[in-house]
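Below, subunit A partners subunit B and then partners subunit C, in two separate complexes.
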Partner chain A sequence: SFNPDLHCCLHLATPVLSRISPELRPLLSSVVRNGRVGLDSTNCLRISDLKTGCTSLTPGPCCDRFKLHIPYAGETLKWDIIFNARDPELPPDFIFGEDAEFLPEPSELPHLVAWDAANPECLLQLVKELVQQYHSYQCQRLRESSRLLFEYESLLQDPQYGLSMEIYAGRKNSWTGEFSARFLLKIPVDFSNIPVYLLKDTALDPGEDVALLSVSFEDAEATQVFPKLYLSPSIEHALGGSSALHIPVFPSGGCLIDYVPQVCQLLTNKVQYVIQGYHKRREYVAAFLSHFGMGVVEYDAEGFTKLTLLLMWKDFCFLVHVDLPLYFPRDQPMLTFQSIYHFTSSGQLYSQVQKSYPYSPRWDGNEMAKRAKAYFKTFIPQFQEGAFANGKL
Partner chain B sequence: METADPGPADGEERVVELRPRTRSNPEGAEDRRSSGSGNGNSMNSSANQPAVGSRVDGEGEASTSDAPPTAATPSSAAAVATVTAPAAKERPKSSQPTPVPQVPTAAEFHLRAPRVNCPEKVIICLDLSEEMSLQKLESFNGSKTNALNISQKMIEMFVRTKHKIDKRHEFALVVVNDDALWLSGFTSDPRELCSCLYDMETNICEAFNLEDLLNVILHKIDLPLMENVQTIPPPFVVRSILIYSRHAGHLQFSPSEAVSKMLQSPYFFFDVVHLHNGAEESGEESSWKDIYSTFCSLDSKGMGYRFEVSLSGPALELHNCMAKLLSHPLQRPFQSHASYSLLEGDDAQEIEATV
Partner chain C sequence: MAAFISGYTFSSVCYHSSNSDSDHEGFLLGEVRQEETLSISDSHIGTSEFLQVVEVHNHEPCTHLFSFYDYAGNISEENLNRILKDRRKNVIGWYRFRRNTQQQMSFREQVIHKKLSSILGVPDLVFLLLSFISTANSSTHALEYVLFRPNRRYNQRISLNIPNLGNTSQQEYKLSSVPNTSKTYVTVIKEHGAEFFDMDGVMKDIRTIFQVYSALQEKVQAVCGEVDQSERVKEKIQEEVNKLKQQIELRKHKTVEEETSALQEPGTSTFSASLESSARLLNLSGQQPPLLTQQTSHVPLQQGSLPLDWSGTTSPLTLPAAGMAVGAGTYTGPPSQDSPSALLLPRPQAVGSPGHPPLGLRLGNDDGSSSNSLERHPTGWDVDEENEDNVESEEEDDDENSSEYENLMSEALSPLVTETLMLGRPAALQPDGDVQSSPSL
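Let's turn to the complex of A and B:
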């Protein structure tokens, strides 16, 4: 699953790297610092279990073998990479975890064929090529289930999804002996028009904004299917938080080639709502400033999520705080009227909230401002009366 | 810290710099100079656009920026006091009140920060001279009350309201007797400030030492220094609100260079509520109007708010001044343009706004 803490990875890497034999360090540095191998760009590659093949008399640092953790299709592959510190020019050997049957063809690995220890990127590129081979190997294994093979092949046909898939036709379920597989797909949604202010709050390195759909098939007949949506943290935040991850249940008897576009559409719609919401809020604020602008107190000049006005009626001043929701105009802005002069009996500011006043999402900003003004005129007298009756001066 | 842009000399046209699309500066939010359409961005800034929102062209909160090219050059700043030739879709500006008298000359250009609601650091300065205790203000129920009493309530209203609007705002409290004393702050918790607000006493004071007050403020703040005043929002602004009431003496004031610099900063604001006895005094004593005009002269940028309120008038007036002071200094209109009335002449005063 996603590891949101990219910084943690880089932080841990540094002491690890210092134990590696100096000649090998640049190769590993590329892997750990820049290495994003698969679809899941929020997870970095990790190194652990450093060992050395040298004798104990060799002065350190001289570690030349380690485990590389590679996020792939929602799993983490743990591959042993074995160099020889005494002969750092040579390419490493690999042990592919428990995947004893994964036997990549060396001639199909360009960066192995032309291994260049002087190129710091060489190991990273080789790992990428191996992961591609691993993917092909996994796809082959899908042949064990004609149903899942069909899922795979039908997705492959669609250029939108076929090119960005990771398949893990994993170990059989140890209890039931059932064959299971996981598909990890990149959902092609355009996030580029999401207002920038929504994305800036996350303290994380933004990296690539990405949406990934993971679908786990717990049985070969696809009767137990569990989809899950992953969004890069800033996108999730921009779309309203964890509720943005809600997707429909996988329909029984359904298939990916129908389901995945549905999810894509859902996400695209959410993005549209959010973008539209921003522009609509901005239009609203502009219209309100136009109608009430000379009495503006403050407004959110970045996301247009709030606005406060000072109004006067018969020499009495009032404030109106307007809160604009993320999915405006579908969701109605909340109005809070506040008296300048009164407090409540518990010493708070005297105010009154209105959530359901005359409103239509179909009105444009100008119309909303006009209607709001009309509403204020009808509401203010009773608000004022209430303040003087119930508030403390 | 410079307030003048070390670019073209005065008298030459300035080119508006396109706003960088930084993450904190989304398109359209601050650029008042782009076209009046809702999705304004800086793409239509032409060389003819004025670089600076000059005080005199009637630019208010809701004005469009389609200032005609003829009004653009700084040298004609003084001549555009009654600009009424906007683009066709604008309402005529001739109905606007004439601007405040202190029109800067072409040489006194003050760059204006973008209209962003950055956090404010508000320093509330309360004059504790005995005039604050005179029971002459008329409260809501007709009984008499004093200015200190009302000030305390309105300050509490002010800090609580600002905090409700934006929790990042910070507050400080200074009281002035013969000298200025920094009582509390900066704090973003209104309760902390309010706890110092009550239990105050007034006394007979000597002439108000404005220099001392400004020095106290100067030493407690650190104004932001931004590379580009017009396009990059500051991390915060500093605002002093002085509630002043004493009659005694002339308000002598010769600011040091450091204090002048502070006053000229585009991120420093000085607002005044001047409580007076309304009397036109003759003879040696200067009238309240002289003091008031000294305050006016402090405001070289023309962006401060000033209110004069009679000590024997309705307390309502005083409350209302504080309410008007709630406005964010970067987003509020020029004081002369401010208008709050809900009922009067609505449609005629609608002006297109850009955000």
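Let's turn to the complex of A and C:
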């Protein structure tokens, strides 16, 4: 399937790749193309600072060393990768940026021990293994705080969260002695049943739909905790935007193993609402179709968010536009009555909006259609009067 | 910890590195030693500091990467021995060169370093990282080098001392403390060394200089003896003079008494005559020529002995015991006006020179700068202007051209001599431990 955002990534990477020594290009292009190393799939792996290890008189392209940017636990790791263009079959060397104490055991890196330059995926696999080792190293550093270590270990035991966790144990602030850490967890919510129409804006979403919870501990005693929810853009849009998603504040003295399931539940509920809402709307529209038959002018056949009726009452024809909200049936539909004869001073058709009318979310589609019909009968006379009074023909 | 590398070894490492088309690595050979510095000062009891000194004598470049280790960083002893052969015991570190990278040890370098230290059995193995940083348009290339000792937790970077790499216009060209281990060099030195060194390995020039020094010392001792003698004689004469003075006084009294009693009788001629005679006596006593110089004028001096220029004194001298330094700051009186106090002695031929450098002349040091060596004279050498002029006028007739050379030599000598004068060493002097017994060119 065509993924436009990845295509975008490659386009940006192409001028970079063209400067790389030809023998090393396959290895790098698979890194840039696949780009998924951690939990955060919205950020690709990026390459910058291309340099060469050959003499300065060597004609290009001959770059064989660069910086790789890897998103991890809300941070970006900047690792130097050093190849030798004259010996492209040899495995690369690494400088782990500011993490001078990170020294993985080579035997834990199978793709280094059995480096195969002919396999274009080799570098990507090696980077994944290194990130895994880096994660272990960060978890080791959690030992400096027993409280945070407890958080980590309790999460580890839960199979739902333990396997997809990224932890970044920040530097100890040498002045205050404060120790900080960030947990990035994948929230296991099933987004597959979200109606496709809500997710159709694929330009924003480069792939898998994912919800990530980032919890920052600014101190080792967990008195300052800042949670944040990250959703892939289409999910966020489907659920009504960031304003609709408020996660509860982290309770003081609480712990992740209790908090994370809460957030998970909240999200799941929201997804359920959205899915339900879609079905309910569809049911509503179907009922209106059957009740009003030929009176239906048009309706949104994809999302069932809109419905327009043309009705006549005592030789007075009028339009009724029904707008169904995202969280229908919790939120009631908005009715807009419109005269087909009268104009307002601004040149628009005269209309009146009704947001509150007899309604209950517990009615089914049929009931809603019946009640709507009844309501129209009661409301139309005053609408007609209003139209004649305020509008011009 | 301090680290030293000779200029030629460093440039050889750079040469091999910059001529390689990829990363380059090799081993550093040399030795590590402990230096203990004992510092004594008035403010505290002497403390001793231990300094570990690493000297890089040579290097062994590797022909290609991964020549002694595998992808996982495991060292192959077989390959290691093949590269190093019998120089394995001299390995004190290793180096790596990589262009356009950070001055930080990489992942593989750290892995290899750990394994190498344990295999070679060198706990403080050092790692030299060289890197070329080039600007984008290749106009400037900077070679950066850092020496690490990664097995320590703190202070991992040590400064590498390379002699003569720097601003040499302010400093003289320095010799490296790192010895030259080349066999060819040693052979040549042995062959030609006999021209410069005697059998004990001491430079011949040094022996010659010490011979001069001892000769001077001898003469000074002899002069001390003479001074002592002349002082004694002077004392005796002084005593006699005092006695005579007393007698004069007595006679004066007598004559005054006689004359007052015989005032009625004329007879001034005897008085004036006696006055005259007594005045003459007074002049004799008051003149006080510097007896030493008079004395020295009678003493036959040999060639090469040092002329003494004593300014006159008005007080009797009490000489310390023979052998003590003469002129240990006691000659500060004003000089006598009449006779020249400096009687120049015949000048020696090559070594050493007589006299004192005239005030007006500026002396040159070997490198073209000049200094006023007069300040270096101790207080015993009280040189005054008038004597200088006199000296100069006498010298000018003799040898104008050699004056500067002689002054130079005297400037070189006088500190030596003054030192002996001041410190008053015993006559028998041996060359002391300042002489370098190891030959060094």
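Basically, the second predicted complex is superposed on the first by the 375 of 393 C-alpha atoms of A that agree within 3 Å, B and C clash if a C-alpha of one lies under 4 Å from a C-alpha of the other, contacts with A are read in each partner's own complex, and residues count from 1 in each chain.
In the analysis below, a residue touches a chain if its C-beta (ideal position, glycine included) is under 8 Å from a C-beta of that chain, and two chains touch if they have at least 3 such contacts.
All values derive from a computational prediction rather than experimental measurement.
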Which superposed partner A:Val113 touches (first subunit B, second subunit C, both, neither): second
Which superposed partner A:Ile167 touches (first subunit B, second subunit C, both, neither): neither
Partner chain(s) touched by A:Val196 [first = subunit B, second = subunit C, both, neither]: first
Partner chain(s) touched by A:Gly53 [first = subunit B, second = subunit C, both, neither]: second
Which of subunit B and subunit C A:Leu335 touches, first, second, both or neither: neither
If touched residues of subunit A are counted for subunit B and for subunit C, the larger one: B
Contact footprint of subunit A on subunit B as seen in their complex: 21, 23-24, 26, 28-30, 38-39, 60-62, 114-117, 139-140, 153, 156-157, 160-161, 164-166, 316, 319-320, 322-324, 326-328, 331-333, 337-343, 346, 349-355
Sites on subunit C touched by subunit A in the complex: 18, 21-23, 64-66, 71-73, 98-102, 104, 106-111, 134, 138, 141
Contacting residues of subunit A [partner subunit C, same complex]: 51-56, 58, 65, 80, 82, 84-87, 90-91, 93-96, 100, 103-104, 106-107, 112-115
Residue ranges of subunit A in contact with subunit B within the complex: 195-197, 199-200, 279, 282-283, 285-287, 289-291, 293-302, 304, 306, 308, 310-317, 319, 321, 338, 340-341, 343, 348-349, 365, 373, 376-377, 380, 388, 393
